[in-house]
Amino acid sequence: MQLHPPSPSLLSTLPLFIMSHREVKVAVAGATGTVGQRFIVLLSAHPYFRISSLNASARSAGKAYKDAVKWKQPVPIPKVVLDMTVKQCRPEDFGDAEIVFSGLDSDAAGDIEEALRKAEYAVFSNAGNFRRDPLVPLVVPLVNPSHFAIVPHQKASLDLKKGFIITNANCSTTGLSIPLHALEKAFGPLETIMVTTMQAISGAGYPGVPSLDILDNVVPYIGKEEEKMEWELTKILGGLSDDQSAFEMHSKYPMKVSAACNRVPVLDGHLECASVRFARRPPPSPQQVKDALRAFYSEVQKLGCPSAPEQAIFVHEEPDRPQPRLDRYFQNGSGVSVGRVRECPVLDIKFVCLVNNVSIGAATSSIINAEYAVAKNIV
Amino acid sequence: MQLHPPSPSLLSTLPLFIMSHREVKVAVAGATGTVGQRFIVLLSAHPYFRISSLNASARSAGKAYKDAVKWKQPVPIPKVVLDMTVKQCRPEDFGDAEIVFSGLDSDAAGDIEEALRKAEYAVFSNAGNFRRDPLVPLVVPLVNPSHFAIVPHQKASLDLKKGFIITNANCSTTGLSIPLHALEKAFGPLETIMVTTMQAISGAGYPGVPSLDILDNVVPYIGKEEEKMEWELTKILGGLSDDQSAFEMHSKYPMKVSAACNRVPVLDGHLECASVRFARRPPPSPQQVKDALRAFYSEVQKLGCPSAPEQAIFVHEEPDRPQPRLDRYFQNGSGVSVGRVRECPVLDIKFVCLVNNVSIGAATSSIINAEYAVAKNIV
Amino acid sequence: MQLHPPSPSLLSTLPLFIMSHREVKVAVAGATGTVGQRFIVLLSAHPYFRISSLNASARSAGKAYKDAVKWKQPVPIPKVVLDMTVKQCRPEDFGDAEIVFSGLDSDAAGDIEEALRKAEYAVFSNAGNFRRDPLVPLVVPLVNPSHFAIVPHQKASLDLKKGFIITNANCSTTGLSIPLHALEKAFGPLETIMVTTMQAISGAGYPGVPSLDILDNVVPYIGKEEEKMEWELTKILGGLSDDQSAFEMHSKYPMKVSAACNRVPVLDGHLECASVRFARRPPPSPQQVKDALRAFYSEVQKLGCPSAPEQAIFVHEEPDRPQPRLDRYFQNGSGVSVGRVRECPVLDIKFVCLVNNVSIGAATSSIINAEYAVAKNIV
Amino acid sequence: MQLHPPSPSLLSTLPLFIMSHREVKVAVAGATGTVGQRFIVLLSAHPYFRISSLNASARSAGKAYKDAVKWKQPVPIPKVVLDMTVKQCRPEDFGDAEIVFSGLDSDAAGDIEEALRKAEYAVFSNAGNFRRDPLVPLVVPLVNPSHFAIVPHQKASLDLKKGFIITNANCSTTGLSIPLHALEKAFGPLETIMVTTMQAISGAGYPGVPSLDILDNVVPYIGKEEEKMEWELTKILGGLSDDQSAFEMHSKYPMKVSAACNRVPVLDGHLECASVRFARRPPPSPQQVKDALRAFYSEVQKLGCPSAPEQAIFVHEEPDRPQPRLDRYFQNGSGVSVGRVRECPVLDIKFVCLVNNVSIGAATSSIINAEYAVAKNIV
C-alpha cells in the first residue's frame, strides 16, 4: 500500500531554483547520531552545501565514517561521506567549515556549541540548550526568520565577528507554529491555543521508546514537552523589540497556550489536534481560515531557499486527513498538512495538523535556516 | 510482560455482596455479534441473571449457539450457552425472559427494541438508536441512574405496564462522564469541557478498522463521534425536569463541550485528554480535584450492584499513567482511571482519563443498569 | 527515522537506458483498485508506456478518475489520469491500447481477461486466474522470461494473431523464486525447499485484514498461499518442453517444496526464511552461495528493461538483515534482499529473503514482463 | 475484543488439589527485574510457597520493595511484598528460605547462583548460565522432570548436602519441546526438526527491543537463539546415562535440529512453525499426531503440581489457530497450543505451536520444577 514516498535526492535533480550560489563548506557535529545521520542524508544532496567535516565523540574520532556509525536510515550511507575520517568536537577539529550543523545530544551540545560560536563558527543547532537564551533566535524557517535580526546584537554582546548560534524549535512546536503564524498573519493575534499531540516514536531518538511501552498502547506523557510547546510558541510567534535586541514573547497580545502531549505507536509524523481563539471579533470562518492557510507563503519560499517546500501548508478537505502514514512525506517532509478545519464550540476554530518530526520538525529546519542566512549574507 | 489481567469469572467467586437476589431470566438480542458475545461472557458468570434466550438474525436461528457464532473472545464460549438454540428477534422468540440485553447493530436495533418494549420487555440497549429519544434515559450507571425516574412516564406515554427501554452511552462519552460527574458533585457545575480522544480499534466493532488504515498511523476522525460526545454529555450530566417527564440537558448551567476524536492503533481502552472550567470561582486546586475523584462513590456501588466497580475512579500519581495497555483491566474494566491532574493554562484543570470501551464503555454498563433496576424493583 | 525512500518518479529522470523506444499505449483494467492504483503510479512515470485507457466496473464508468477512485497511495494521483474518464471492462472499451495491465480481482479477472485476449489484446495480469493454465506463462521477469516462448503456441491454439495472456506470480512465490533461480543457475537443480513466510498485510488488499485480527498478533494461515507457493515454484523454475508447447514443471529433477505462510503486522514486504538442498554433492558453501547471488544478472536487465532493478539481489552481511521496514525500498522495490546465508543442520543452506510484495511482488513484475515483450517484439 | 484473560490469583481460590502441603519459604533473587516481578505475582498467590526474602542489587537493598521496583505488571504489586525490605544477593541475605527462585540477569546469575548452591540453597533459575553445565538439569517440567535424578550426583560432586541448581530452558525451546516430547513418547524418536520462530518482544526483557526497530517490521535474528534451540532440545529430549550421572543428549538416536528465529511486533507469545521427521516408517498420520498430542499427560500433572496446566497441549482444528493474542492465556499460560497439524511435503508432519514465553516459557516453569521437587521430597 505504501508506495515509494518522494526522495530527498530529487532536490538535486530538479530545477527548483536557478540562481547560482557559491559553494559553502559545512560541518556536522554529532555526525554519528540519529539527527546527524539525517543532516548527512540531506546535505549530501544539497545544491551548494558541501560537507567538509564530520565531528563526533572521541570514541568515533579517527575512524572512517562508515565504521564509526551505526547507520539507521533506509537509504544507504551517501558515498561522499563513506570514507571521510570522523573528527572530535573541539573547535580546532572543524577546519574551514563556515557553518556547523549540530545534531548533538543536549548533554554535550551546550559546551560544544558555545565553544564553536566563540571560535567564530555559525552554528545551526537542533539541540534545545540555547532555545531559551535571550540572545539566540529560536527560528522556524517558515515562520520567524525575521528573528535573525537579533544576530548582530548576539555577536556584539559576545564580542564576536562571525560566530553566532541559531536554534530550531522542538518538533511538535514547529509543526503547530506554521499554521498559527499563517492565521496571525491573516487575522491578527491569537489569544488562546489548546493543543493535544499524538507524537511519533522517532521523536524520542534511538533507542528511545522501548517497544514494550508503546505497542498496543499510548503513553500520555512526554517529559518537558508540554512546557516546551507552551513557552516556545510565545517566543516564535512573538516579535523583536524595536531595537532588535530582545524577544517580545507575544507580550503585546498575551497568548495562553495549553498543551497535552502523548506518545503513540507511529514511526514518523506528529499529529496535533488544536483549537484556537482569535482576538478579533467576530473570528474568521472555517472557510476563511482554510483560504488563509492555503494562501500562506513565507519569506524563505520567496527567497528560493532550496530546501523550503513549494507549498508550506496543504489543507485537506477529506474528513479523515491528514494521517501520519499517508501525509508525512508531503513536500518531502518540509511542509505541514492541515485538515478538519471547523468551528469549535468552545474557542473559535479547531483543526488537525501533521508535521514530519524528522524533517521540518528537525534537520530540515536547521538547513533552511542556514539557506536563509546564506541568501541574506548573514553567513 | 502482560500478565493475566483479572478475570470476570472472579465476580462469581468473590463475596462482593451478601444479599440474596432472586434469579432473573434474561435474553441477549444480537447474541452472535461482538457486543452480544461480551454480554454472554459477563452474564454467564453473573450471580443472579440467567440467560434464558439467545436471539439473533434469521440466518442464525435454529442453530446451536456454538455453530451460529464466530467466537472472537479470548475465553472459551461459556458452557451454559454452547448448545443453546439461537432464536430470531421477533417478540415471540424471547420467551419468559424479563430483561433483554440488546447488542444489536443500529440498523436493526430501532425496530426490534421498539417491538420488544411494546411486548412489555425491559430492554437494556447498547445501541445508539434511542439515545436521543425524549422518553428514554441515557444512563451511565456510575453517573445518572437517577434518570430511571422517567421510566414511569415512558411507560405511561406508551400505555405500557412493564415495557421500557434504557440505553447506555457511547463508549468515549461514558468514560469522560464519570470523572466529570464526580467533579460536578464536589464542586458544582462545569461550564466548559474540551476533550481530545485516542480511541481503540475495538470501538469500531468487527471487522471494523482495516489494518492498512491504522498500523503505523492515527486517523483523526471517527464518524459522528464528536457530535455524540458533545450532545450525550449534556443529557447524562443534566438532571430531570421537576415532574420527571423530561431531560433538563444541563440547561440551568449551560455547558459547552468541544470534542476531537481520533482512532489509534490500540486494541482496547480509550484515552481522553480533557480540560475543564468550573462555574465556581476560584476553581478547585488539582489536589482538591484528585481528592474528590478518589472519594467519589456512586449509588450503584452503595446498592451493591454486583457488576459495579469497588472503586469507580482510580487516580494515578505517576506522571505517565493511565495507559491503555497497563490500566484497562482496572476493576475488571468497570472503573475508570484518571491521571495527570494539573492546572490548565487556559481553562482550570486538565487531566487524562482511560475507559475500557468494551467493558464499562459497553456491555458492563447495560448490565449494571439492569442490576440497578432489579435492586430498585423497576424490573 | 524512516527517511524518504527512493521514488518511482526517479525512473523517468535518471538516464537508466539510452535506447529510444517507441511509445506504447496501455490500458489499466481494474484501475480504481489497489493494484490498479499502483499500476497507474508506475506507468505515469514510465519512459515509453502511455496510459490511454482506464477501465473499471460499470459503477465507476463515466466518471473522472479522480472522482471514481478512493486513492490510497502516499503520492498524489498522477496528473495525467486525474481527469481521464473511466470506462467499463468490455473489450470495446479499451480503444487503441496495445497492452492491458490487469489489476482486476480474481472474481472478475477470468472472464474479462479471456475476452480481452480474444479481442487480440496483450494482457499482463496480476490476477491468479490463469496461473495454472497450461498455455499461459507464469513469469517472474527476473527468472523465466524464457517462458514467453510458449506465446506463439498459445496464440495458435486459440487461433489468435496478437492476443495472449501473461501472468505474474503470487507475491511470496516471486520473492523466493529469484534467489532460487540464481542458485540453480550457478549450482544446478534444487532438490528440496522449505520456507516459512512472514507476510505483510498489504498482500491481502484493501480492506483486507481487520486490524483486530493482526495488531499484537500473528495469523499462522493465509488461504491457499502454501499451495500456491508449492505449485507455482515448480512451474516458474521448470523449463519448457522441447517444442515449446508445454511447461516441464521441474519434472526432470523433481523438487519438493514445503511452505508455511504467516501474516504479520507489517505494512509492506514479505520476509521468508528458507532452507534448501541441492542435488549436487557436495553442495556449495555459504560463501559460494553469496557470491552466486551477488553475481546473478537476468535477461531483463541485459535487455535494459527500464523497470528492472540495476541489481537483482542484494546480499546483506549484517546478521540482522534484511528487514521489511529498512530494506523494502531497495532498488525501488524491484529487487530482492537476501541475508543470513548460512549452513543448515538439516538441509544444505538456509537464508532469509525479503520481497516488496507490492512492487516486484505485483505490478512491477507485470510491467517488466511487458517491457520484455516490447524489447523482444512479442507485442 | 480482548476480554479479561484468566487470572493467576484463581490458583488460590480454586480447589485444584486437595493434598495439604507444608508451607515452604522461598526467596526471589533479582526481585526487582522483569522476571523477578513475575515470580512475585505467581508466588504471592501460591498455595504453599511463601515469599520470605526479596533479594536484588546493592542499589535496591534497604528499600521497601514498592520503592525499589519499577513495577511493570498489569496487576498491582501484591500486598504481601509491598513493604518487604529488599536485601542484597549475598548468601547470608537469604535467611531461612529453602528455595531461591532466580530471575537474575545472566551477567550476575553465574556467581550468585553458584554461591547460593554452595550455601546449601536449592536454586531454581530462569537464567541461562548453567544450562550447559554437565551436572545441572535443564528441565521443562512437562517434559523431563526425570532429569532431577542427576541431583544426587550434582550434590555429591560438589560435596553438598542440600544445595543444587535446576535451570529451566529458553522460552522458545520450552514451547517446542512439549509437543516434540509428546510425539516421541507416542511414536518413538524424532530424526529431524526444522523450526522457524516468530518471537514476542517480551522475550527480550525491558527495555529490550527499541520500538523503532520493531514497529511495522520483523527482525530476522535473535542473538544466540538458534544455537540455544538446536542444542537445548537435544539435552531436554535426551535421557540420562544408566548411572544417572550424565546427560545422554539424544545420542542413541541422533537428532538434527535447524532453527530460524525472528522477532515480531507481538507483546507476548512465541509462535513456531515446525516440521519433523520420525525414525519410525511409516510415520504417524496427522490424525494420529493430533490424538497423541491431546492425550499427552505429564508426570507433574499426575503429581498434582498446583501450577501445572490441567491440559498440557491444546490442539486446534480451526485453520488459523493458534494465534498469540487469542491463545496465549490458554491454561493461564502454563500449557501450549498446537494447530495446523498436516503432512509436510519434505519431512513427515508440520504444525504450528504457541508458547506463552513469560509464563511456561519462564517463571512458571521454575515454579512447577520447584513444586515437583517438593512433591518428590528433593527439597
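We call the chains A, B, C and D, going by the order they appear; numbering starts again at 1 in every chain.
Please note the rule applied: a contact is a pair of C-beta atoms (placed from the backbone, for glycine too) under 8 Å apart; a residue touches a chain by one contact, two chains touch by 3 or more.
None of these values were measured; they are calculated from a predicted model.
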{"item": "Interface residue overlap between copies subunit A and subunit B, same or different (over half shared)", "value": "same"}
{"item": "Contact-richer chain pair (by C-beta pairs counted) among A-D and B-D", "value": "B-D"}
{"item": "Intercentroid distance (Cα basis), subunit D paired with subunit B, Å", "value": "40"}
{"item": "Inter-centroid spacing, subunit B versus subunit A (mean Cα positions, whole Å)", "value": "43"}
{"item": "Chain centre separation in whole Å, for subunit D relative to subunit A (CA means)", "value": "49"}
{"item": "Junction residues of subunit D, two or more chains touched", "value": "1, 72, 202, 206, 212, 215-216, 265, 267, 325-326"}
{"item": "Residue ranges of subunit D in contact with subunit A within the complex", "value": "72, 201-202, 206-216, 265, 267"}
{"item": "Partner subunit A, residues of subunit B touching it in the complex", "value": "1, 192-194, 196, 198, 212, 215-221, 230, 256-258, 260, 262, 264-267, 271, 273, 275, 319-326, 339-340, 344-347, 350, 352"}
{"item": "Contact set on subunit A toward subunit C in their complex", "value": "1-10, 13-14, 34, 38, 41, 72-75, 202, 206, 215-216, 267-268, 325-327, 329, 332-333, 358"}
